[in-house]
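Labels for the chains are A, B, C and D, by order of writing; each one numbers its residues from 1.
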């Protein structure tokens, strides 16, 4: 078993002008991931772009791994343009992943935008009744909705422009939900853009609700060696690639 | 008409493990080349490799351009791996090309290895009876032989290992030929590796035969601006991309 | 949208100039670029007498960059004025003559001759060249010699005088201050970073000259840093260069403090690089509602006190 | 085939070491690389007291390279010796502790403590760090300060002492000679080149620290040139680094004069880079019939007299 392996691209589904799902099949023995972990993908064989790109694991089985990719810059563009048959090398699974809920806790999932990639495996893990609050800018920016509906009936969609579901963001939707219903010992699992994470942390803190939040930071090594990917926590700087990407909501400095 | 244009790859024939013929179709109005000119091809959209690669024009018509490419390093590997449908941009035709023979001169063509790419358009120009001395390391390194036989019956093949035609190089073969037959006012048109060019120049000088020799040098701009591609001539440094790539044999410093 | 900028007495339509040595004498690129659209044309480096330059190979590709050791080949100021300048005068574009010498006298001689010619709007002196008197030392790495040579040239020219700084120094801000004190109207940076490459099969240097100057995107982070350091240190305008490939790169240099930029290696990659970059700057201005390009100069937001 | 080399009193199985700060404390890569196969492991830079380092973002990708501004975060010499060294002692590999201080006293204190620990085979002092007394100045850019700090450390340690030089200087050969005169057993270069990058949309620096160190293939030509300059100037061994990604790159550095090489940024791109490079060096030796790797040191063929 190895965390550094060659793979072949076996599928690349363009979901929209900005998102694709890349499927790869490892060509070597490799370690299986668990929810919330990520991989570093080499995006080109040349020296530019040089660094690997971090991507959360979306789905996996014996045959392969899948990643949901949002077009951001040069690296994600190269990943979007990959064709079946091409070779790629991966480093991972990396990081800590989401911890199991402790006895009696009710998991609530929160995803903003492409953060759904990180949270998705938890829907499978906690199905069939897990609550998921999934927000995006607009209806067109929500992906995998049909698949998610097949996994849970407890999906709460929100969009900033109100084009689908609740008008507002996922945290506002969750707040309204928590006000309106009583969830026994809720524990939140979340991944989303910085703004969403910040408002979520504030809300959790005010209500004393525990949570596990996946963070992003620029990475070089992915294995804890370069100290490049730190975030500030109440215990000082912690590496997203090693102590994270999932952090206890109470630990994150605000 | 422009010498800087976008094109689409319309074919890429892998001739062997080391050679391919890349066919492209310009997507914009472009200037037609003449024999001995070359193009600078951008080999990747990223910043590495950065510089364009010079390639002689092999064949052209209304529909497109063809290049014969020998695998050398990273750039030619990228060109080898190009697939139909991909976009590429080209700068050219560049350089001076081969001059016409003057009245009464009998052209004799000499090509070593991938130098055939540069000389090939002259076979078409001077057919059907033009003499061509074409040498390579081994039979497997001779390309386009069938096409050439369709253009001239006066092909003299040589290989270093004797696996096809004369054993030895094209210059030795030509020397033997000149000794054995009388060509009226011969003028040589040649392109090949440095060693071949050197021995050819020596032979021409000794016999007082005029010649036009295509040279290679590393290039950046291709338009005479950077002064990067100079070779030493009897008149000082001259730019291969501008005053060349074809030089009068008497001008080249030895 | 106002893209015009001033460098000394020189008014440029826009901040995009060509970098010396990468645009020939202008005519080589006239087929690809309408020269009248450029901020300024900076010529290949000129010396009092013509120069042969170094033997080949003179260039080698490196990761995201290239090394060159042209050896300052040029046709000399006299022939430039006679043969090349008339072509440039057809265009509505300021001509900046880049020049050098390997002694102070040669610098002064070239500057005098260029200043007497009609049609030259500014001078850029390249002090990243070896100093004959001092052997291996380069003019632009010694503050005292820099002061001396810049002052000497200043005395003989009224044209806008730009001093092009070498990045191969410990303290580029100091060199810029020296140039300013000696009377420069602007500084231009960075010139190439000295580098080298070896062919491991032949064991020979890839450049006949052994070492050469590194340019292209690889050096952009070094150029941006040095422009920022110099911007904080001097009052005269800074012309930024080093790896500018796009409008975004040009804007990055301007935010670091550049009043104008020079485009070099990019011309080799894309012959229309200069005008593409002007378009890119316009796009950025439109997207960010910027009416006047000079307002972004040195617009970097930062706050760490200890810097 | 003999790949072993000597650096001072240290015998290395092969010339491939890890570059400080890119291989953590060794354990981070132990899953990918059999540490016993390496020439040496150089640790992340250590200081007498633990350091928090800079706020994020700390890294940014650049063309064929990256900038980092980690800010020398480390757990301090004490915790290193207690918590990290025992792990490394399981492997048959020399451990070189990279260390620094922001005063001469801190340098000396760290060197003393590290020299007393069992299992440390050599010291590499990083003088590319800011000098508290001199404000913004970096130790390694001033020859006098360099002499002083290296001499002070030399007095307190018998371990092989390597001085890691900053490339951000006018004359690297001079800095190397100063280190040699002050008692260094070897010099190591290049450390990162200072650079910077700006986000043009937010106008903020891409690194919280504003400037950072450029590493990776982009700087290889600079590193090779500096190693060659230093090789010609000193008698002690030179350890080469800067953009080494392959066996070929390592050989290039050795032909320029490096007795050994350090692999940095390449580890991030390929976690097995170090051992891949050892294999690459072997392949080169086999292809060229080289029996002993030390015979290629400084084997560059060149003849221009004026260099």
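List of remarks:
One rule holds in what follows: contacts are C-beta pairs under 8 Å (C-beta built on N, C-alpha and C of every residue); 3 or more make two chains touch, one makes a residue touch a chain.
In this text the structure is predicted, and so the values were computed from the model without any measurement.
Of the two chain pairs examined here, A-D and A-C, the one linked by more C-beta pairs in contact is A-D.
Greatest centre-to-centre distance from chain D is found for B, with centres as Cα means.
Centroid to centroid, with C-alpha atoms defining each point, chain A and chain D lie 36 Å apart.
Centre-to-centre, using mean CA coordinates, chain B is 46 Å away from chain D.
Centre-to-centre separation of chain C and chain D, using mean CA positions: 33 Å. Multi-chain contact residues of chain A (touching two or more other chains) are listed as 47-49. Looking at chain D, one finds that residues 63-65, 216-217 touch two or more other chains.
The touch graph of the protein chains shown is complete.
Against chain D, in their complex, chain C makes its touches with residues 62-65, 67, 141, 168-171, 193-198, 200-205, 208-211, 214, 216-222, 224-225, 228, 243, 248, 251-252, 255-256, 284, 288, 299-302, 304, 306-307. Taken together, the chain D residues at the contact with chain A in this complex read 21-24, 28-29, 31-32, 44, 52-53, 55-61, 63-66, 68, 70, 73, 216-217, 245, 265, 267-269, 271-272.
Interface residues of chain D facing chain B in the complex, by the touch rule stated above, are 63-64, 217.
Taken in their complex, chain A has these residues touching chain C: 47-48. Across the complex, chain B meets chain C through its residues 3-4, 42, 47-52, 91, 217-232, 236-237.
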